[in-house]
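Before anything else, here is the set of structures, which you'll find just below.
What follows is chain A paired twice: with chain B in the first complex and chain C in the second.
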Partner chain A sequence: MAIELKGVTKRYGATTALDKVSVSFGGGIVYGLLGANGAGKTTMMNVITNRIFADSGEVLIDGERAPGSDRALGKVYMMAEANLFPDSMKVEPAFRLTRSFYPGFDMDYALSVAKRFELPLKKKVKSLSTGYASIFRLTLALAVGTPYDIFDEPVLGLDAQHRDLFYRLLMERAADTEQTVILSTHLIQEAASLISHAVIIHSGRILRDMDTAALTGAAYQVSGPAAAVDAYCAGRHVLNANSLGGLKTACVEGEPEGEAPAGLEFAGMDLQDYFISLMNEADRREAK
Partner chain B sequence: MAGFDGTRPIFLQLAEMLEEGIISGAFPEEGQIPSITEYSAALKINPATALKGINLLVDEGLVYKKRGVGMFVSTGARSKLLARRRESFYSERVLPVAREAKALGLTSGELAELTARAYEEKE
Partner chain C sequence: MKFAAIFKYRMRDCLISGGVVMLVMVALTVLSYFGIVTFGGYEESADGVTESYATMNFTMPYVIFMFVLGIVSIREDMRLGIQNGAGRTTSFMANLACMVLTALLLNLSCIVFYKLWALLDTDLVIIDLYSMAFLREMTPGTLGEMLLCALTGTAASLAFTGCGVMLSLVYWRLNKAGKWIFSLALGAAFVLFINAATSFDWLAGAVTAFFVWVVKAPLNMNVTFLALAAAFYAIARAVTLKNPITAAAA
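Let's look at the complex of A and B:
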């Protein structure tokens, strides 16, 4: 049971937004879909939800080809950026409209989430502030109850307190339901503990598709005097390096063998450090 | 709630937190510990991670599951943890302190004096 992309390619003119992408999402876990702006995240999510068609390759939802199958597409919800409701519609009727499309939508839960965020039910959806428009959309996505649930930049415009509340609610949902969640976000530091599997995309290609702990465990930082760091790094795969005066820090792929040589220090990497190093390396390769 | 260090696996840090709670008495023996859902929501961590962390303690017999009720601290868990901590105390705590003292030019006698003073320090 999974969403499967098999060799999906999508081009816009000379730009290849997705380049033979094969990846799957399933198993009731929380995925992080990570990538820079323009990497292909939104194109990928739009292909999954059939909003745009792939030029080649296929999308399967629980083994069924997604395009043309309402049953397959009904299993996937995507927290949309665009507002799909009539201009005059208020928040509560918009909940009911969503339920009419997604029978698994939990109205009581949606109302309780709205209450915790103090989302005004009687206000027109169109007149909500940026933050509350996000809250409205994430409330729908939390309550929708589809087997696959996609959150695209869910915390856009949310203050720290509301982001905190959203993360708690998302984890509570993840623990209590069998949903497979795809969380697309630029706030990697905040999302790092929420996701258990990271899919990293760059220039339309999947760079990494791995368990988060395994991913960050497969690289480390070495720092110390520049010459010593350079000597250590010779023959090793360096993702990225930064210098500050005579000191240097390099991000190295692999696991450190034993203790650090004298004068050098090893440190682990968090997901955001790892992501940035990987992106820098990928950009350098592309520039060549 | 305390944050996690992003460079070490979160499940290990959660397991340590739980052990700390058992040692301090925050989680008494035969008392119930929070559920996976409660841990996930309160600490904003993936439920699979929370489960993995708690299972470390389950595997060691420090915590046990009662079907349909929840998870409880085993009798004897605290003394087991204390015994283990004492074993690792020398290598993980005493040895690094002695090395640091040497690097600072303190003699073994001076270090002993400092330890004696620290021991008498009121908390």
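Let's look at the complex of A and C:
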């Protein structure tokens, strides 16, 4: 049981937003869909939810073709950046309306989440600030109870306290309901502890699709005097390197072999470090 | 499930807005009546007998209302549907079902109002499209005539609703340049057609013959309106098959 994309391509004029993408989301875990601006994350999520059509390839939801199928599409809820509710609609009626579409929508939970975020229920959706508009949409997504929940930049405009609250609620919800969650965010460091599996996309292509622990364990940092680091890195696959004065830090793919040579230090990489290194390497390759 | 949810939401909206339009029309009718009482009505002499009256028309306001409803409701329903896991066909069909029911209810309700108004026996006569085209007295007398009035009004409303839905979706689908080209092309086609109709006798004759055929029998008129509605909705449906569903511009 999963959302499967098979050879999905989507072009906008001369730009290829998705290039023969094949990826699968399932298993009741939290996926991090990571990529730079314009990498194709939102396009992928829009293709999954049939907001747009792929030029080729197919999208299957639990084995059923998604476009045009209420049953398949009804298993996925997407919290997008854009609001698709009518402008005149108020927050609480929007909750009730969503419940009429999704029998699993938990109204009590939605109201309790709204209360914790101090979301004004009587206000029109259109008149909410950027932060509260995000809260409105993430409240719906948290309460909807579909097997697959997609969050596209869920913390846009949220202050640190509300972001923390959202991450805690998402973690609780994902654990309680066994939903498969796709979380697309630029705030990788903040969301890293939630993400079990990372899908990294660049220029419409999947660069990595791995368990987060395996991904961050697949590279390490070596730092020390520039000459020593260069000597160490010779013959190794360097993802990224930064110099400051006479010191250098390099991100090397693979696992360190034994102890660090004299004068050098090894350190593990977190998801954000790995992501940045990978993006820099991808950019360099493209520039060549 | 998804169809019912969209249908319920849209129908509630249609009943409220339709009810407001109905109330406005009733209010205008009453105001028109007091206008006649105060200032007098239109006088006409026929066979030596002078008649003093005024007319009120419900069909055209309803047709315009349905045209606007078609324009504003379809994008909203497509967005609402896709946000809540409904396929494009489901959203489109739910909107269509609401439009048909709203048009029918509006036209049926105004027949009831015609009848109630007729009981007052005033100089203000409410007429409608069917009565104007096919009844000598300009008001329906029998139940059958009343139902035909409602049917013709509904068919006319649907033709204009379909036009509104189609235009809304086509403009949604087109980019900025496309919107300009389409708009100019529509205007140009209209102007060219009018010029061609006045320049070529055979075309003028064909257009005249068509309109004569339309008003020859209620069936012809209803078939024409329903054929137009079907054509507009077919184009609209074709547009929804592939158009991206985007949020409303801020």
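One rule holds for everything that comes next: the second predicted complex is superposed on the first by the 288 of 288 C-alpha atoms of A that agree within 3 Å, B and C clash if a C-alpha of one lies under 4 Å from a C-alpha of the other, contacts with A are read in each partner's own complex, and residues count from 1 in each chain.
Methods note: a residue touches a chain if its C-beta (ideal position, glycine included) is under 8 Å from a C-beta of that chain, and two chains touch if they have at least 3 such contacts.
This one's a predicted model, so the numbers in the text were calculated from it and none came from an experiment.
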Subject >> Clash-or-fit label for the pair chain B, chain C on chain A >> reply: fit
**OP:** Tell me which partner A:192 touches in the superposition: chain B (first), chain C (second), both or neither.
**Re:** first
Original post:
Looking at the overlay, does A:97 come into contact with chain B only (first), chain C only (second), both, or neither?
Top reply: second
**OP:** Check whether A:7 is in contact with chain B, with chain C, with both or with neither, and answer first, second, both or neither.
**Re:** neither
**OP:** Answer with first, second, both or neither: which of chain B and chain C does A:263 touch in the superposed model?
**Re:** neither
Original post:
A:86 contacts which: chain B (first), chain C (second), both, neither?
Top reply: second
**OP:** Classify the contacts of A:157 with the two partner chains as first (chain B alone), second (chain C alone), both, or neither.
**Re:** neither
**OP:** Considering only C-alpha atoms, give the closest distance between chain B and chain C in the superposition, rounded to the nearest Å.
**Re:** 27
Original post:
On chain A, what residues does chain B touch that chain C touches as well?
Top reply: none
Original post:
Tell me, which parts of chain A touch chain C in their complex?
Top reply: 46, 49-53, 67-70, 73-78, 80, 82-87, 97-98, 100-103, 146
Original post:
Can you list the residues on chain B that touch chain A in the complex?
Top reply: 4, 6-11, 36-37, 40-50
Subject >> Interface residues, chain C side, partner chain A - complex >> reply: 1-5, 8-9, 76, 79-80, 82-90, 242, 244-248
**OP:** Sort out for me which residues of chain A touch chain B in the complex.
**Re:** 29-30, 164, 167-169, 171-172, 174-176, 189, 192-196, 213, 216-217, 267-273
